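Below you'll find a set of structures to go through.
In the two complexes that follow, subunit A is the common piece, with subunit B as its partner first and subunit C second.
Coming up: the complex of A and B.
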């Protein structure tokens, strides 16, 4: 044989061996190992576990466009006995969906087509959606559902609250999130007392108030100076009510102790601290008042107490029915008490404006989209929003500007880091810094991950009925608006969550009791801190509201006759049932003793209408879905006796 | 051996003894008649051609075979195209091997065709009477590159998408017909399913057909222009 033939033969054989590598790799794939070790692993169990047949397995959901091969390795998913087995053999925790039907990636993301560990789970070059970390799984629920309670998606719902709280929608479009009230800046020069305060605030709002909602825009020294000069030049209150002049006697009386005392009494009577805090103590709905007198001018404070909605259009603060004297007295009280004692008044007034501050100020105002939160009625203000977030979760990784960061590329990593250090992804980003806690970041990320286009077919979507907005017209609407009733109360779930729903209040409460309550509000349960403020509301307004309650806020099902008994021995029987048989006293106080969980029931007959008492005891959850008052299932006779007993708990 | 079947297929009569018989074998065969009846040993010396043309041709054969097999697993649709890549990678037996074979053969073919051209150039083999075959060769080089380019879109991943975006944006700058040509390639105003179908048909039908015809012509011209003498 010639040399050339030998070379030919040898290379041919070598080449053939080389080709044999491919089928060998096929045989020794990881998933085969997993399946084999599953079978030998379950052999050692005392109970019987079904063996797996060797071979690729997949879940195919044609409607969802899903082919998930996860079950090739995760072979014990539906085997309840394997809840403590190591991965990938662990059984799936109990959920509401059949995983055989829905597949895996519809909730978990990851590369369902893959049969290799790294490719299926981790961020890789050729797949945009790596496995969602377990904490974010709940955001996947929103691919089909649109509204889930805290029981199912606590993190997501918390994130939604935070996004609402921090008013993210002023710069980013997000559907269904209402805009928060933020003060407009018309005439801010007449509100802010000293420029240094404004400068400090612009530099870092959280230094003034730790819970300030305004973020830190990381403005440069010059930007701050220009912007403060610019804002300070707005002395005129264009398109809005000018400040009310202080009454003449104010200047003479403002140091008078009795006058200040009157202010203090009105201040606590109106329960201002239901919403405002003072050095962190009190309500969280409005700003902390501790240093407010060093920040805002007297005239402004007076006007704000007198008629907040005229001075701050859109504000949620109640318009109390204070007289001018009371308002002035409260102003004097605030001036005497809520002062920043560290400010040296002499230093501050002599800061000269920078040249050209107006044009440069507009530029900065527009650059950071200040107008997104703070209205300023000059025509040069332009909307300059950040990217919309409606479909942020659909964003492809290549569409994201990663800057110089060395993150493992995945959307949730990006969002987490963006929220933590917003300017980390490039010099020109302008998102301000919020100093979120870790938990807040996780919650907001969970919410954002749920913002996506519908990719699932219509018949998979689960849509809840939307809450109908309650917007009465005319004088009732104006009164509701004036006292900001819906900030705390709701009507058929529309409105605040702090106080009870009013939709059936006309069938629930006695007119006389409500009338008294408006005059002297108190907390029904001693352990609940929130209390309705005293509104200083006029009698005419109260009567009008009561008429409205009794004609509109009515449940027709509660309009029926009850055969209540008056006989003392039967009332005694009702009392026995209440105390002995049903043990109501463990939660309710009656005759001076009992539990603190439910409201006290002495004088309950004055407060509640009998049909309400009757229907509530019959089925409490029907009237308040999340109440812990148990549905006892008592018989008609007991029900009537207890209702009669309670109805007679009254002074008339 | 002299059966009716044999005779009906092979025209040459056995036994082959004389030089005439031998040359008749070559003449009467479709596949062999491309070769001259007589070749001087010097003409087929390895260092003379480095077999570069033949290597390119065999790579082309490999590409056709693997390409046809790949077609069995491929749909020119979105998002199926990308999912098909995943299937080849994770599910099809030896799918990755098949795909890599196709890919590497394509890369090698571009290299070998290029080297072939360089060899022809430095050997002065483009000179008359072979100048037309040089032109055919250049067209074949362009076809090879076009095949690579059209094949690039078919996995429909980010790399393909942007490569084609850049490509058709270049085309757009051709004066007068630029816009129309871009539209023709894309089958629309942006890259989408129709682009995928157009590139698929170009890659699997039109370009290979032209290629096969031109290769046959190229080989025939080698003979006619006095190659291997």
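Coming up: the complex of A and C.
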């Protein structure tokens, strides 16, 4: 035999051995161990659980382009009895989707094809989408759905609220988020009392007010001086609208006790603290008033009370029907009460402007995109936005500027840390610092992770009907605008969330009751402190609004006849049903006793129309989707008896 | 010479094949980077809320949402029977943290009392019934959360 033949024989045997290695490697893979231990685990399990056949398993969803081998190890996914078993054998919680049909990575992300623990779950160098942490899983719902209630996606919805609140859209493009009101800076020089306040505010807004929405831009000492000089030079208001002059008697009366008392009475009668807070107590809709007199000039406060919309275009504050004297008295009251006593008078001196502050001021103003929030009518202002976030969740990891961070590279970690310390990624980043709680960071991250292009096929998308904006025209539109009704109330879900929806108010409430309520608003529920402010509406306006309610805010389905009984013994029967059978009294006050959850029902016949009472009891959720009033499934007879009983609860 | 070339090429091929079979372990990225952040954002939520992501599973979290919405007005946030409305009720709402009570009753009984109210099990009719409002899974979720109530500390 020649040598060459021996060499060939040896090499071919080696080759065969090498070929045998790869199937052998497959035999010793982890997932086989998992399947074997699952089978032995089920032996010790108290319930009978079907054993699994050894082998690679996968879910293939052709439409979504998904091949998921997760079920190779997660073998007990659809076995309800295994809800407390250790991972990876735990059963999947009951959800509305069949995992056999949809696959796993469509919601959870991760590398579906992999059968190795590290590759499938963790962030790796070559896989952009590691497994989403449990708290962020709800952002995956928005790949198909577009609007889900708090029940399903509480974090995401909270994140959306926060993004609205902090006005992120002024620098970042995000779809469907409305811009918030922020003060116009034209004429800020006549609004702010002293320059020192402006300097302190620009240095760190949260030192002045803990709940200030303006973030800390971390401006340097010189930048602050230049910017304050620059802003202070704007004395002209927009459209040359000047501030209202204070009445002549103001200066003589402003220290007068009776005058201040009148201001205090008007202040509390109008219920300013429905929206404004004073040292943290009161409404959260507007600024805290505690130090306002040290910030804004008297003339400005007076004009703001008289006609807020004229001097702050776009503001949501209602225009109250105060007389000049009342407005001046309130100004005097604010001047006497809401002063920052810590201000050192000596510090307030006229600081000389820096030379060339105007040009440098514009530069700083543009650099930090102040114009995104605050309007200033000079033509040098340019838009200088941050990156758009519409498809942030689609971003590849290499597209992100990581700086010198020590993160395990994944998008959610980037977002969390960017929100926590915005300037940590790179030296040229401009994003200001917000003092978010960790909870808030999680919520905002959950919302941002849901911002992506649709990758799923059309037939998977679930789209809700968009809320139709309610924008009445003409006199009614002007009245709604003047009193900012839609800041608190909504019409078919468009508007504020604080007060009830008005869309069916004409079929719900009696005209006389609404008229009285406009005059003396009160809180319906004993436990709720918020109530409508007294707007001092004129009688003509009230009648016009009532006419409008009765002709437009109507539900035609509530226009039917009810056979209500008036017999005393039947009413007594209704009372018995109300109190004994259905236990309504545990939530509602009637005859002076009962619970504080629902509105009191004494005199309910004066307030509500009978068809509304009937329909509400029949199906409360139909008229207010998130009410906790349980649907009782009452029969027709009981329903009529209780409606009659409640309808006769009135003084006439 | 030719033979040696052949041998080398065959072994070379084999080597390439063998290397191809071995997957390369990546380096841990955290060892190569420098800056540390002042606060790592972890799973823990701050404030007074419990860390629902660690302590509760999916159905219990759903149950918590429903419990907070419908039950807390009377039974209280922790289920101790001290909700703001409990002061108006007589008899007082059940303390769901009471281990004597909660270990005694079965899931079936709890299901019955939630779906058919107090009157369904011959107790006070002040507890309304929820069978027309909540579906079976939702009630099960609430029960699984109630069972977890005593383990939750604030």
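Brief remarks on what is shown
What we mean here is this: the second predicted complex is superposed on the first by the 600 of 652 C-alpha atoms of A that agree within 3 Å, B and C clash if a C-alpha of one lies under 4 Å from a C-alpha of the other, contacts with A are read in each partner's own complex, and residues count from 1 in each chain.
Assume contacts are C-beta pairs under 8 Å (C-beta built on N, C-alpha and C of every residue); 3 or more make two chains touch, one makes a residue touch a chain.
No experiment lies behind these values; they were computed from the predicted model shown.
In the superposed model, A:56 makes contact with subunit B only, not with subunit C. Once chain A of one complex is fitted onto chain A of the other, the partner contacts of A:421 are limited to subunit C, with no touch recorded for subunit B. In the superposition on chain A, contact of A:398 is made with subunit B only, not with subunit C.
In the superposition on chain A, A:69 makes contact with subunit B only, not with subunit C.
Contact with neither subunit B nor subunit C is seen for A:212 once the two complexes are overlaid on the shared chain.
In the superposition on chain A, contact of A:22 is made with both subunit B and subunit C. Using the contact criterion defined above for the overlaid structures, shared-chain residue A:310 touches neither subunit B nor subunit C, since it reaches no partner. Residue contacts after overlaying the shared chain place A:111 against subunit B, while subunit C stays out of touching range. Between subunit B and subunit C, it is C that contacts the larger number of residues in subunit A.
Common to the subunit B and subunit C contact sets on subunit A are residues 22.
The part of subunit C that touches subunit A in the complex is made up of residues 3, 6-7, 10-11, 14, 17-18, 21, 26, 29-30, 33-39, 41-47, 49, 53, 57-59, 62, 65-66, 69-70, 73-74, 84-85, 88-89, 117-119, 124-133, 137. Interface residues of subunit B, counted against subunit A in their complex, comprise 79, 83, 86-87, 89-91, 93-94, 96-97, 157-158. Listing the residues of subunit A that touch subunit C in their complex gives 3-4, 7, 11, 14-15, 18, 21-22, 25, 83, 93-95, 124-125, 133-135, 150-151, 154, 403-409, 413, 416-417, 420-421, 424, 437-439, 441-442, 527, 580-583, 585-587, 593-597, 621, 628, 630-633. Per the touch definition, subunit A reaches subunit B in the complex via residues 22-23, 26, 56, 65, 67, 69, 111, 113-116, 119, 126, 398.
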